[in-house]
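Order as written gives the chain letters A, B, C, D, E and F; numbering starts at 1 within each chain.
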C-alpha cells in the first residue's frame, strides 16, 4: 500500500496545485522555458521512493531528505542527478520547504507516531498556494496542521497552504490496490488457512513481525512504546502447544 | 500552450481515473506486481508528445497513434520501447482504445475542425470507467460525445465513460502558462510595438503565418476552408504603403 | 551460466520468430509504426532478469511474471515502465501468453524439477508461430511439450508453436561461457587445490551450499526432496578430522 | 524497409556468431566479468541507426563510422557514450574492424553501387570467426567478398570470416514488414489511384523523387550515373497534358 | 571546436572550483546527502549543449538559459528533467547566477561581439568563490570583467569570483582537437585543392557562408556590422570568370 | 570520503590529461567523430563506483576491473553497456591499461596496504602522456611508482606517465567534504557525547567495527595483520564496567 500511496501522492499534489483547487497554479514539470516546480519529499522509504519516481517522471525539480546515509546513497545511485538526496535536519528542511511548491510528508516509523517535521510557524514562510501532501496522516501526520480528510473532500487550506491529508489514499484506486493487496497477502492468507494461525506465525518470521497483539499482550515493540504498554515476546506466546 | 495542455492532459486523466471521480479506480502506473494502465494518445504533435512524456514518466503503458511516418519515426527514436508508436487507422484505433484506461485526443489540425476519431458507438466497447481527455475540444473535439466543460466542473460521464473536456486547460496553471505565453509572444509584441503591425508582419514569416484576417479578408487557408470563405494572400494585403 | 542462458534466450527466440524457422515472422522490436512483439518471461531470477535486459534492449513489449513480491519490486524499480512486473498465477500466465509472440521459461528451483507452467492445452490458445524458449529444460522443462534439443537442430514445432529447448545453451558461445565460468569457479578451484576439499568446504559457506552428496549421503535439501532421499547435514559430515 | 533491415542485421549477426554457425562463439553483450563483443557499423543512415539501437540494446561495444559530420553529431547526441561515433576513413575503418566480432555494412548510396569498404585482404587481419553482415548486398555489397544468400542458407564462410548476405532481409519477418510497407506506401497508393500517376507525381515531391524512369528516360540522377545514361528532368516529362 | 570548448568548459570549471584554485571548494556533483553545485549555462547553441551534457554527466544541478523558444524546446526534450531550460532575460539571469557555483558563458553570435550578460555589479551578489568560464572570450567575452588568459595561467580572481577566460580552450587537448578539426575541414581542404578557391566557394553554400572577406570587401554580414563596413554579396564577387 | 575521492578522481584525471599538465592532450569524452579516451578503473568499491559514474557522465570509454563476481554483476546491472565490468587478473589489467589514457587506482583493502597492481615495468608499455590517479595513496598506493603529492603541486611525471597522487583528495572541496563528513559522523558524535565512548561502542556494531586500538591493544584485524600485532577482541575490552 505504501507503493500506491507514494505514487498517488504526486498526482494528488499535481492536481491540488491547480488554481481551481486553491493551489499556486503551477504545472509540476513546467514547460520548456519555464522552470519546473520544486517538490520536496520528506523520507526516503517505500513511500518516498515511489513518490520520487513519479515526481521525476513528471519532470519536477525533486529534493528528497532522509537521515539515513545508506538510504541517501541508494537513492542517489538510483536517481543520479534527477533527485537531490539531502541529509535531513532542521536547517535543510527549512531551506528546502520555503521554496517548494509541493511538499510530500513520507516519514513512516512503523507503529509509532510520525514526527512533526513542518510546524504551523513554517507555513507563513512557504510560497502561497504551495501544497502539502501528508502520507503519514494514518499515524497522526508529519505536519502540525494536518487533519484527516476524505476522497470526497480531499483538501483544505490553512495559512494559505493547501493540505491534502486523505487518510486512506489507496482507496482512490481500488482496482489497483485490491490486486496489490492480494499479491502481498494471499500467500499469508493461504498459510493461515492451511496451518492455523499459531503454526503459520511460528513458521514465518515476516508474518510474525506483523503481530501486534497476542493473548492479550502487545507484541510489537513500536506499538507498545507508543501506547505505553510493556512489550511481550511473540516467540514465547506462540510456543505453547 | 500546446505543451501545457499536453502535459496537463495526463495529470487530469490520472485524477479522473480515481474512483471518486467516476473512473475505473486504477493507478496510471500500476505498482510492482500489478500492470500499469493502458494510455492511448491520438496524435503525435506537440500535445501528443508532451502527453507521452508525462504518461511515460508516470510509468503508464503508452501507445501513440499518428498517420505521419516521419512523426512515428521521430517519436519512436525518442521514446524507444517506452512508447508504442503505431500507424493510425480505423482498425488500430479500435484495437487500442478498447483496452485503454485513458484515451487522450490530441489531434489538432491548425484552423480546422478536429476529426471525430472516437464515436458514441465506440464507447460501449470500452472499459467501464475509462477516461477520455479531449484536448481538441477548442476545435470541436475529436470524440463524438465531447462537449466543453470548465475547471470548476471538469468531467461528465456518458455511456459509462468519463469525459474531461475543459476548453481552456492551461487556465488551471496560470502561473506556468503566463510565463510560457510571455516567452512565446513577447518578441512578437515588441516587434508590433516597435515597427507597427504592418511592418512587423512583413518582416516575420512566422508572425505572418498566424494572421487569420486582414482588411476584412480571411488570410489563413485552414480557417478559410473551414468557414467556406475564399482565402486571400497576406503578402498582397500587407504590401500597400 | 544463468546470465549467459538468459541473454541467449532472447536472441534465440528472436531468430526462431523468423518465418524460415517456422515462427510468426515478426521482428521482436517492431519498427516505428508497427507495434513490437509481446515477450513474456516466466520467472524473475538471474535468467529472467538477463532475458528482460536483452528483450528491453531490442525494444520488445516485455512482461515478466514472478511470485515473489520482493523480486517484483526490485525488477520494477530497475526497469521502470519498460517491463511490466506482474504477480504470477494461473490467471495472469494465461492472460499474457495468449497474446505473446515469445515466451521464455526461466523458472529454476535449485535442485528441483521445474514446475509445468504451460501445458499442451495452452498451446491451442496461443498465436500460431509463437515461440517458446525453455531455459529450464535442464531440470525437465517448464513447458509440458518441451523435450531437449541441440544446437545443431535447436527447434521443433508442436501444435503450431515453435519450441527452442537446447539443453546446454551456453555451449553456443563457448568463448564467452568459458571466461564466465572461469571467473566464477577459479577462486573455488584454487581453494580446493590449496586446502583440500574438506577444509575448503568448511571455510566457505557458498561452496558448501553447492555440495550435493558427501560420504554417500545427499546433503542438498532440494535434491533430497526431489529424489526422495533423507537429507544429511553437510556440517556434520565435514566435521570429522 | 531500412528500419527492418538495420534491426535484423544485429539479431542475424548475433546468431551467426554462435559456434554452431561457424562464428567466434561469443555472446554479443558479454556477461558481467566478460567484456562484450565489439560491433562496428559502417554508415550512419537509417540502417546504421537502427542497427546501433539494437546493438546497444544487447549491450554490445558499438562503434559507428560515417563521413558526414552532421550525422556523427546527431548520432553522438542521441546515443551519448554508448556508441562511439567515429569519422570514417581508411585508417579508422581498419583500426576498428580488426578487433571487431561483428561488422555491419550499412552504406547505402541511393541508386548507386555500394562502395567496397572491406576488401578480401582485410579479412586475413580480422578475428577468426568474426561475422560480416552486408545490408548493402542489394546494391552489390560493401564487402568485396560478399555474394547474395537466402534465408534458407543465409551464411557462408570465406577466409575464416562468416558472411551473412541475405538479399531480402525483411522477408524473414513478413508480418512486421508487410505492415511497415503498408504504412509507408498506402498514402502513395491511394494518391496514385485517386489522381492518376501523372498528377500524383506532380503533386508530391517525395513521390516524384522516387521516380526512376519516365517515358523511356532515366529521371533519377544516381541511377543515371551508375548506368551511364543521361538524366532527364522529371518535371519536364510530367508537365505534358 | 565549439564541441571541444563546451565540453572543456565544465571540466575547467570543476577544477577551478577547487579550494586551491581560489574556488568555493565544492564538488560539482555533490555526494549523496550533500546537494550538487548549481551550474548556469548562458546560451543553448553547440557550446551550451555540450557543456550541459558534461555538467549533467557530473550530476550537477544545471540550468540553461536561452532566448529562442525553439532552442529551449529542443534542449528540454533532449535533457528532460535533468536540465532546467529557462527563457533568458535580465530577471532570470540574475535569479540564477546569484545562487550558482559555476556560470558558463556560451553566447556566441557569429562574427559579432558577445553581449555583456554579467556585469561587474553582478559579481558582488554572487557566491564568494563562484567560477565564471567565459567561452565567448574570443569574441570579447560575455562577462564585463573577463580578459583573456592562457593555459599556463588560466584563472584570475576579481571581486572574489574566479574567472577562467582561456582564449583558445581546445588548445589544451590538441590530440582530440586536431582530429576534430581535420574531420570538419578536410573535405573543404580537398575541395579547395581540387577545384581552386573560387569554384569551391561557388559550389558549396556552407563553405561560402564562412567567407569573411573577398576581393577587399567584407562579405559576412555580422562581421560587416560589427566593424562598421558595408556588406558585399559573396555571390557577385565570386561570379567573375 | 570515498564518494568524494572517487568523483574527484575523474575530474583530476581529466585536467591532468591536458597538454599543459604533461598529459596526452585528449578530451576525456572525445567529440562526435573522435573516439573518447579509454578510462580504466581498478576496483569496484565505493571509490570505483563513484569514479565510474563520473567517467560515464563525461562520456568516456570506461572499463572497470574487480575480482568479486557479485561486485561485477551489480556494477554491470547498474551501468549496462556504458561500463565494461571485467574480471580482474594480471592478464586483463595489462590488456586494458596499455590502451588507456586514464587509469584510476581504487583498490582499498580496509586497514591493509594496497596491492601493487601497476609496476614500473608496465609504464613503458602505456601510452605516453597517460595519467594515473592513485586514490589508494593513503594506504601506500596501488601503483609502484606512486608517491604522495599535495593539492599545491598535485602531479609529477615518471617514465612519461603523469601521476596524480594527492594524499587527501577530499581536501580540495572542503565545502562538500565537510557536509558529507558531518552527515556520516554526527550521529556517532552525538552517541559518544550522550552515552560515553564505552557504551556507544557497545551499542553500535558499525561504530565498534571502526575501533582500531583499545586499551593499548589493536582491535582491528586488518590493522593488526598489516602491522604484525596480535588482534584483540573489541567485545572483551569493552565488557568491563
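Just so it is clear, a contact is a pair of C-beta atoms (placed from the backbone, for glycine too) under 8 Å apart; a residue touches a chain by one contact, two chains touch by 3 or more.
Worth saying up front: this structure is predicted, and the values here are computed from it rather than measured.
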item	value
Chain C and chain A - chains in contact with each	B, F
Minimum number of chain-to-chain contact steps, chain A to chain D	2
Interface residue identity across copies chain B, chain E - same or different by half	different
Longest centre-to-centre distance from chain E, chain (CA-based)	C
Euclidean distance of C-alpha centroids - chain C vs chain E, Å	52
CA centroid of chain A to CA centroid of chain F, Å	37
Whole-Å gap separating chain D and chain F, where each centre is the average of the chain's CA atoms	44
Of all residues in chain A, the ones touching two or more other chains	3, 29-34, 53, 56, 59, 69, 72-73, 77, 80, 87, 179, 183-184
Contact pairs between chains, per stated definition	A-B, A-C, A-E, A-F, B-C, B-D, B-E, C-D, C-F, D-E, D-F, E-F
Partner chain E, residues of chain D touching it in the complex	67, 69, 72-73, 77, 80, 87
Interfacial residue positions of chain C with respect to chain D in the complex	3-4, 7-8, 11-12, 14-15, 17-20, 24-34, 50, 53-54, 56-59, 151-152, 171-177, 179-180, 183-184
In the complex with chain E, residue positions of chain A that touch it	29-36, 56, 59-63, 69, 72-73, 75-77, 80-82, 84-87
Residue ranges of chain D in contact with chain B within the complex	3, 49, 53, 78, 179, 182-184, 187
